[in-house]
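Note sheet for the following structure.
In this document, chain identifiers A, B and C correspond to the written order of the chains, with residue numbering beginning at 1 in each.
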Amino acid sequence: MASVLGVYAKVVRAQIRSQTQYRLSFAFEVFGSVIINGLDLATVFVLFSVAGSLGGFAGPEVFLIAALSAFAFSAADLVVGNADKLRDYVRTGLFDTLLLRPLSALWQLLAVNFAPRRAGRAIQGGIIYAIALVVADIGWDVPRIVLAVVAPIAGAVFFGSLFVAGATVAFWWVESGEVANAFTYGGNDFTLYPSTMFGDWFRTVFGSVLGFSFVAYLPTLALIGRSDPLGTPDWLRWCSPVTALIAAVVARAFWRLGVRHYRSTGS
Amino acid sequence: MPRAPWALMVAGFRRYATYRQATVAGIFTNSVFGFLRCYVLLAVAAGGTVAGYSGPQLATYVWLGQGMLAVVNSWTMLDLAERVRSGDIVADLLRPMDPLWTYLWTDLGRAGFSLLTRFSVPMVVGAVAFGLYLPTHAVTYVLTAVSIVLAVIVGFACRYLVGLTAFWLLDIRGVSMFWSFASGAGSGLYFPLAILPDWLTAVLWWGTPFPSLLQAPLDVAVERGGDGHAVLVIGGQAAWAVALLFACRIVQARAVARLVVQGG
Amino acid sequence: MIISADGLRKDFTVSRKAGRFRRERHVVSAVDGVDLRVEAGELLGYIGPNGAGKSTTLKMLTGVLTPSAGTVRVCGLEPVASRTTLARRIGVVFGQRSQLWWDLPLAESFELLRHIYRVPAGDHATRLARCTSLLGLDEFARTPVRQLSLGQRMRGELTAALLHGPEVLFLDEPTIGLDVLSKQAVRTFLAELDARGDTTVVLTTHDLADIEKLCKRLVVIDHGRVVHDGGLDELHARYGSRRTLVADLDAPWPEGLVVPGASVVSVENRRVTLELDGVAAGEVIAALAKAVPLVDLSVREPQIEDVIARLYRGER
């Protein structure tokens, strides 16, 4: 196991080396992605400043929801973000090259396309999240400390599974990218705000059925000790690791299905 | 209309018409985002107004914005940079028509196709799901159309400039990212620019082409400030379009002079 | 038997537009019942016209594609089920797709592959040294792959495929698009590899010179089926390839002259071309010398191009 990880680490390192070849462009990219990450959050603040509250929640609470969401998303983006390169691989037949190596095709796809420029966003996201936790004035106890640490990880796993599932569609529909975007980037937008802001059926579909409310909204409610004005049972607010796990399992199964389909129909 | 430009437009239209899956997928995505943004802005307005936009105006703002995303398409780079990188650009430069114009007409064709599909369908969805603000003057429709065309041209010129940097940078990922961010934020995609402090909006409107991409036609459509304001906005767009196309020509001349073909 | 395939079949469903809205679907058999037996150490040429099913067969042998029917075993393993295990024991070079890292120097790709395949450093170094000297890699080992010419890249690909000491090497059109010198280098390299006898090589190619210079055994595939499996001589014998004799005479060719064991193909001024009907050249030459004044003479071996062209056209 350790040696397999070692191999992936080497591939990732090679990828970093090859990207930093274009140094000026790389600097632009890192700078750019740090700013872009700020944009999502900035939007939340700007809108908040107009109304003084959002969805019935005050400043620190809104901040925490947004920060948790942004951190989870950027962490997922760092590790799994380039899964959508699959589309190019399938289209050009380059995916065959991955199948010819004695490694898992999915991890190769991620390692070979690792984007070091995204590290900036993730780190920034972590810092902002930490600040948000302090500002939110939480009544700290052991369960809450655990949740504060676990929630971003669960959120990242959730988004990561979404990225993989979205990319997997390329095995059937090569030009499918945009549909996946609706759920990954759209989902990200949804999780940045308190779920109370959205209309009934839309909220049910995105928040409960697809599980986006579990990423940031519900954990924040648990951390600040508020019950969901929408009526979700209190114990459910702690369940983001569970939804993340389910998402990961589903994504993996779907990926396997996709590879099997690819190997049976060729490129 | 002279034959070559028309032929290029038709070619651009046809080429994008073949991407059926992507078009359907795009419509779906635009609609989802329309819902998201609309709910958020309406929640912020909470029955009142946001920076002078009423509820229905906000709805139109969001849905028209989503519809226009694919039409202006300022987040997708032109092939230009790729062709510079691979060296294929030489073939374009050897043609009798300046690549700036061939790319422009082709892009207009593409925009036409997007207008028919990725613009119209989300507008219908938005109208059904929410109540949209409909312009009260007939002339607004004409002005909006003009504004949209100008927005496409401004968007094209900016992307062409970004593509031209490939002659110097070879890998333009950083620049295009920066462009995507700046044009997204500054064009009013995320929220109406009027929310921002006055000095900032002034800088954006007078000093950058970004608002011309989206905010301008959106403001014209919701009849913000009346007809006079609309004409002023359109005038600004036209000025940017001319200035940017001019800049493209200058930069391109310098780029060609400096031509280094990479890739053997 | 290092490779064995029985009744290998691959069907693809192709849909076509029939009219405005309907789509017609029909099944195309890219590979239609191929049997193949390869012993360890052989160098096998796998040839056929475009679309005959060569690449599809190769993909099934390497585990990239799942067969629709039939069984296949490579190195005793089932390619699809044991993909990662098999991947360590085979090397593959696809002409069009590169397995090297595009932006990195060639040497770094080799290093990475060493880690991916977990090759002991000593073995890796030995193999790399051998390939470097045989293929002349020194001059461009430090260049990023994207800057290499096709010939250089192909030499790099061959090396990359062999660094982990595979038992079987699959090559899909390795000389396509290469300049003459690079083709030479690749062929010499493969001949050396074959001579050493520790690697089985399966080579698909369009280039008939590759076949002539390298392959003792040929499997010819057309429309998904094997139409010939044997040596080059057998191919000539089966398709009735004949040797030709070109004679320069001191006088015009006499009308209606018949030479036993040979038939006249063409007469041009004082040069006559004859096809030998399977008799020894000596007999014909002797008979010829008696009948006409000979100035000069040459014997031409049967051209594989003619055989293959006839094969592709379906003649017998």
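The rule we apply is simple: a residue touches a chain if its C-beta (ideal position, glycine included) is under 8 Å from a C-beta of that chain, and two chains touch if they have at least 3 such contacts.
Keep in mind that what you see is a predicted model, and the values were worked out from it rather than measured.
Ranked by how far their CA centres sit from the centre of chain A, the chains are topped by C.
Comparing each chain's Cα centroid with the centroid of every protein Cα atom identifies chain A as the most central. Measuring from the averaged C-alpha position of chain A to that of chain B gives a distance of 28 Å.
Between chain A and chain C, the centres computed from C-alpha atoms are 48 Å apart.
Centroids of chain B and chain C (each the mean of its C-alpha atoms) stand 53 Å apart.
The residues of chain B never reach two or more other chains; the list is empty.
In chain A, no position touches at least two other chains.
Those residues of chain A whose C-beta lies close enough to touch chain C in the complex are 3, 6-7, 10-11, 14, 17-19, 21, 92-94, 96-97, 99-104, 112, 260, 263-266.
In the complex of the two chains, the chain A residues touching chain B come out as 22, 24-29, 31-33, 35-36, 39, 43, 46-47, 50-51, 54-55, 173-179, 181-183, 185-186, 189-190, 193, 197-199, 202. Remark: chain C residues 10, 12, 56, 59, 62-66, 80, 83-85, 87-88, 92, 94, 96-99, 101-104, 108, 112, 115-118, 144 touch chain A in the complex. The residues of chain B lying in touch with chain A in their complex are 19, 21-22, 25-26, 28-29, 32-33, 35-37, 39-41, 43-46, 50-51, 169-175, 177-178, 180-181, 184-185, 190-191, 195-196.
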